[in-house]
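Below are structures written as structure tokens.
Here subunit A shows up in two complexes: once beside subunit B, once beside subunit C.
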Partner chain A sequence: MKPLLKISDLHVSIEGKPILNGLNLTVGYGEVHAIMGPNGSGKSTLANVLAGREEYTVDSGTVEYEGHNLFDMEVDERALAGIFLAFQYPVEIPGVSNSNFLKSVINAHRVHRGLPEFNALEMLKYIRQKMSAIEMDETLLKRSLNDGFSGGEKKRNEILQMTLLEPKLSILDETDSGLDIDALRIVADGVNQLRSPERSFIVVTHYQRLLNHIVPDFVHVLSNGRIVATGDKSMALKLEEEGYDWIRESTVSV
Partner chain B sequence: MQTLNDHTQSEYKYGWSTQLDMDILPHGLTEDTVRWISARKEEPEWLLEWRLQAYRHWLTMKEPTWANVHYPKINYQDIIYFAAPKKKLNSLDEADPELLSMFDRLGVPLEERNILAGVAVDAVIDSVSVTTTFKKQLSEMGIIFSSFSEAVKEHPELVRKYLGSVVPYTDNFFATLNSAVFSDGSFCYIPPGVRCPMELSTYFRINAANTGQFERTLIVAEKGSYVSYLEGCTAPMRDENQLHAAVVELVALDEAFIKYSTVQNWYPGDKEGKGGIYNFVTKRGMCAGYKSKISWTQVETGSAITWKYPSCILKGDESVGEFYSVAVTNNRQQADTGTKMLHLGKNTRSTIISKGISAGYSNNSYRGLVKIGKRADGAQNFSQCDSLLMGDKCGAHTFPYLEVDNPTARVEHEATTSKIGEDQLFYCKQRGLSEEDAINMIVNGYCKEVFNELPMEFAVEAQKLLAISLEGSVG
Partner chain C sequence: MEHLAQIFSEMEASLNGLTGSPLHQFQKNAFSTLRVVDFPSRKHEDWKYTPVQKLLSPNYKLAGILTGEKIKPVDGLDSYVLEINNGRVNIEAAAKNLSATGIKLYSLAEAYPLQDWKDAFETQLLEYAADSNRAFDFLNFSFNTNGLFLDIPKGLKLDKPVEIRITHQDDQVSFSHPLLFIRCGQESEVSFFERLEHPIHNPEVIPEGLINSLLLFKIKKGARVHHVKWQNLPLQQNLVYKLAATQERDSYFQTFAFDIGGKVVRNNVEVDMLESNTYTSLQAGYMATGKQSIDHQTRIHHQVHHCESHEHYKGIIDDQANGAFNGKVYVHPDAQKTNAYQQNDTLVLSPNAVMNSKPQLEIFADDVKCSHGATIGQLDQKALFYLKSRGIQGDQAIDMLKAAFLATIVSQIPNDAIREYITNSMSLDI
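Here is the complex of A and B:
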């Protein structure tokens, strides 16, 4: 069986400045991959390139998603094909109610999957059920999308969307940053509830603590735009204790 | 892969014209033209006199040049000042089937049996009012809703009393021209204490070529009455520009409330700016009575050039004026629109919410005056003017004027200019929305405060119109 995602020798730059320098990563179905690494190592770039952000230039390399060339797919096509990015900084859209936004998005996915659109009642029921699972306040439905939300509310809203859309590949871009321990647990619960043999996750994080709650199958260390070490969850603990210096040393020695 | 990219180019949906048997005056404007129109409409002497005074005054006036719009000089002798379907109609059954099918295509619920939500419609094609629906039902409540010509015949005392009372024939170049040659329009009178049970509505349609449309609307709301009035407009696609110079006068007496909504969709011209309507319109409401209220809501998506400032004269103490506007310009369209709030009475209040959206190579200006008179103790105004730019070839401008002659007044002004965010678009697309749906969602969110003021059916129509107007606009 083909892997869900196969990144081969990926080189990416922004305004001529190289950020990813020959990155290789294969994500199989049902796997959780944690990507760690120091600031500026290219973690967020990887997340955004996979989602299709325009500012980045793909200089060389390939990315296959379910056997298709990912770079042939528009941003919305990727989303409908099951790629979900939980944003590090979710945007605010004034005047667009959260519920209206969710409704449009959910129905877009349903239509894409050949399912009938939800009517208002079905929609509300579906959203409410998922909201309560992540202990989210229903009043946030009526407010404008992320407008005036606290940092924690925004992140929770990202997780809500993830659980509503049930993506094949969820990419969490530092979703844990700025969250207190309760919010962290809720985010992790959201991910854990979704975990299944069909669904995969790429969890980009700075800290090991999220990985106490979301136990990864693989931990990768990104440095200077490529993966320099891969291990299991114990590596995250080692990183926590020893920092990234040993990685830098070992890469230099290679 | 493309960012904020062009998709399909929008097509003007109402761009056809209809072959109707027409009575058309040769082009050109002289005193005889004015006399001919008045005679054709069998008007009383006083009205002809009023028209002639306007015409003579107009000859002394110069076309205004202060607006932030640019167009070749209009030759007023090239315009046809009167065109009307030949047949006079007594009932809908006699209507030209071509005419009926035209209104079908426009989506005007002309035939009463087809009316869904109780909208009474007056339809003005080129120069004359074709039919007024629901008249009987309204008249039982004492409400007069008829074409202007009919009102002149049947209620001359009312027309004479209020015509020009808010926009005098000397007011401005275009209003004066209208006063001389106006052909038809709608008249509406709500008696004391009556709440008009349905939305009253007029659809304006320019059909004939080379024809100007000069309609006049007069609405009088007596003490304690209420009326909600809707106005929609379309025109065929033609290569030459056509002039539309209308006048709307509203009078609200004590504790009366007039809500006036416009969805303006005149032909905007093609992508290169060829053709389209020059929409030079004077709209003004007089809050004459204590606690009276006038609320303007406009969604302006059409016309090559829009020049209009629906205004309120807040004369009655504690009267309220409101202006909610969405003005969209795309391609080569130009709009200079806004409002005037003249606070004369005590504790008068006004609210201005203006949302400009510019795309393509268009130019969109907000121009607004808030004037607080000497006697307007405790007057309050709140203005919010937002501009949204799509792409980097278009322009947004804000010209707020403030004149405060009373120290107890409170005036607040907020203005923002933003570009439709790449980040917002990326976010929506990452959730699976197409670029078009994403833009519509963001823009509708931006306009929400104004759309909320529109009656339900109109709000839906306005949203669709916005989507059509902005197709192919992001680049």
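Here is the complex of A and C:
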């Protein structure tokens, strides 16, 4: 069986500045991969390139998603094929109501999967059920998408979308940043409820604390645009205690 | 101008018994003023971005009596209908529709000799300097015969909107000149929905036309007036539109302008705050595509102290279309404690689309709070990526963002049926 995602020797730059320098990563079905690393190591770039952000230039290398060339797929096609990016900074869109947005998105995915669109009642029921699971205030549905939401509300809205769309590959880009401990637990619960043998996660984080709640199968350390160390969950603890200096030293000596 | 002189004498010849009447005198005065001031050229500061020559190049005849279809009603809208077909008010039908309300209607032939009309409007009209800036007003006064004076009595709180349906249909190149004088009596509360439309959506072959429409409000003490203008004319028809209002003490005036149709469209709004403690809100949402030209000019005169005005115009200009916003707020020397806000935001979506924006303040008082600004930009690429990253297809994501941009104005229309009608007609129901 082919892996869900296979990244081979990926080189990516922005405005001529190289960011990813030969990154290799394979994510199998049902796996949770944590990506850690110091600031500027390329964590967010990796997350955004997978989702299809246009500002980045892919210089060389390949990414296969379920055996297909990911770079042949448009941004919306990737989403419909099951890739979901939980944004580090969700975008505020005044004038687009959160509920209309969710309805369009959910129905787009249902149609893509060959399912009938939800009617208004089914839609409301479905959204309410997922909202209550992550303890999200229903009044946020009536507001404009992320407009004036607090940092925590924005992140919760990302997790809500993730649980509504049930993606095959969820990429969480520093979803834990700026969250208090309760919100962190809710985000982690959202992920853990979705975990299944078909679904995989890439959890990009700066800190180990999220990984107490979302227990990863693999922890990778990214430095200078490459994965320089891979281990199990215990490596996250080592990073928390010792920082990233030992990684830098060991990579320099290579 | 010689062409107009000929049309004018043809019109005079058809006046029959009315020659020499106050109506005829008014028209004659207006036309001789028009000949003196002439139409503004591109050198005129206020008409720099409006292709006046293009607007006037066809040899318009005066539109005949409407024989075609009428504009259809709006779903779910309960209203008092007033029809203006080819510049002619259907007074009998309007009088019947409004009979139970207490509103008085006068044809212009009846209105011009009336002391009531003179008190409300004549002084104001005489005060205006005869300037080429007002050329289209004089054109309207010269050629209008079937206008209307609506007198809304003191204290009347109208239960549903007055719907003004304006249409122009002719099998020759022609112009029409709708003219309405509306006096809103003390403490009255009324709302107006003005529709400039054609019964056929996007008719393929119709002659070029010009609607030169003029609406004058006299808003008395404590009156509250809401007004929505909706314009979806065929692409062969030009529009020069003016709304001029004077406001007395404690009055409230809110107007919206929504434009998606027309070839060359020029909108003018002028508000004079004559007494203190008044509130004025001007808002607009417009979309220009193809080779359309949509132009807004606003003038707000804070003549006295303690008045507030709020102005927000938002437009989307695409393809090879042109847009302009020329807004001016004058804060006169006695207008202390003025609060004025003016903003114009535009999305320019094509390399060949052009927008000219000029938000201006002229302040001659020292204790005021005024702000003005303009933004011109493209769709937010981050927002577009966000929507697409959720599985929304590119074109739909663009439509969503365009709709979101205008929704902030459209969503403020107080009447549900009108709001829904405009939302659907502008394809904002995404």
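Just so it is clear, the second predicted complex is superposed on the first by the 254 of 254 C-alpha atoms of A that agree within 3 Å, B and C clash if a C-alpha of one lies under 4 Å from a C-alpha of the other, contacts with A are read in each partner's own complex, and residues count from 1 in each chain.
The rule is short, and it goes like this: a contact is a pair of C-beta atoms (placed from the backbone, for glycine too) under 8 Å apart; a residue touches a chain by one contact, two chains touch by 3 or more.
This structure is a prediction, so every number in the text was calculated from the model and none was measured.
Peer 1: Under the superposition described at the top, does placing subunit B and subunit C together on subunit A give a clash or a fit?
Peer 2: Partners clash after overlay.
Peer 1: Taking the superposition as given, does A:44 touch the first partner, subunit B, the second, subunit C, both, or neither?
Peer 2: In the superposition, A:44 touches no partner, neither subunit B nor subunit C.
Peer 1: Contact-wise, after the overlay, does A:80 reach subunit B, subunit C, both or neither (first, second, both, neither)?
Peer 2: Both: A:80 reaches subunit B and subunit C.
Peer 1: Considering only touches as defined above, state whether A:105 meets subunit B (first), subunit C (second), both or neither.
Peer 2: both
Peer 1: Touch test for A:53: subunit B only (first), subunit C only (second), both, or neither?
Peer 2: Both: A:53 reaches subunit B and subunit C.
Peer 1: Once the two structures are fitted together, what part of subunit A is touched by subunit B and by subunit C alike?
Peer 2: Common to the two interfaces on subunit A: residues 51-54, 74-76, 78-80, 85, 87, 90-91, 93-96, 100-101, 104-105, 108-109, 112, 144, 161, 165.
Peer 1: Could you please specify the touching residues of subunit A with respect to subunit C in the complex?
Peer 2: Interface residues on subunit A, with respect to subunit C: 51-54, 74-76, 78-80, 85, 87, 90-91, 93-96, 100-101, 104-105, 108-109, 112, 144, 161, 165.
Peer 1: What residues on subunit C touch subunit A, complex-wise?
Peer 2: Those residues of subunit C that touch subunit A are 380-383, 385-394, 396-397, 400-401, 403-408, 430.
Peer 1: Touching residues of subunit B toward subunit A in the complex: what are they?
Peer 2: Interface residues on subunit B, with respect to subunit A: 1, 3, 421-424, 426-435, 437, 441-442, 444-449.
Peer 1: Show me the residue ranges of subunit A that touch subunit B in the complex, using the header's touch definition.
Peer 2: Contact set of subunit A toward subunit B: 51-54, 71, 74-76, 78-80, 84-85, 87, 90-91, 93-96, 100-101, 104-105, 108-109, 112, 144-145, 161, 165.
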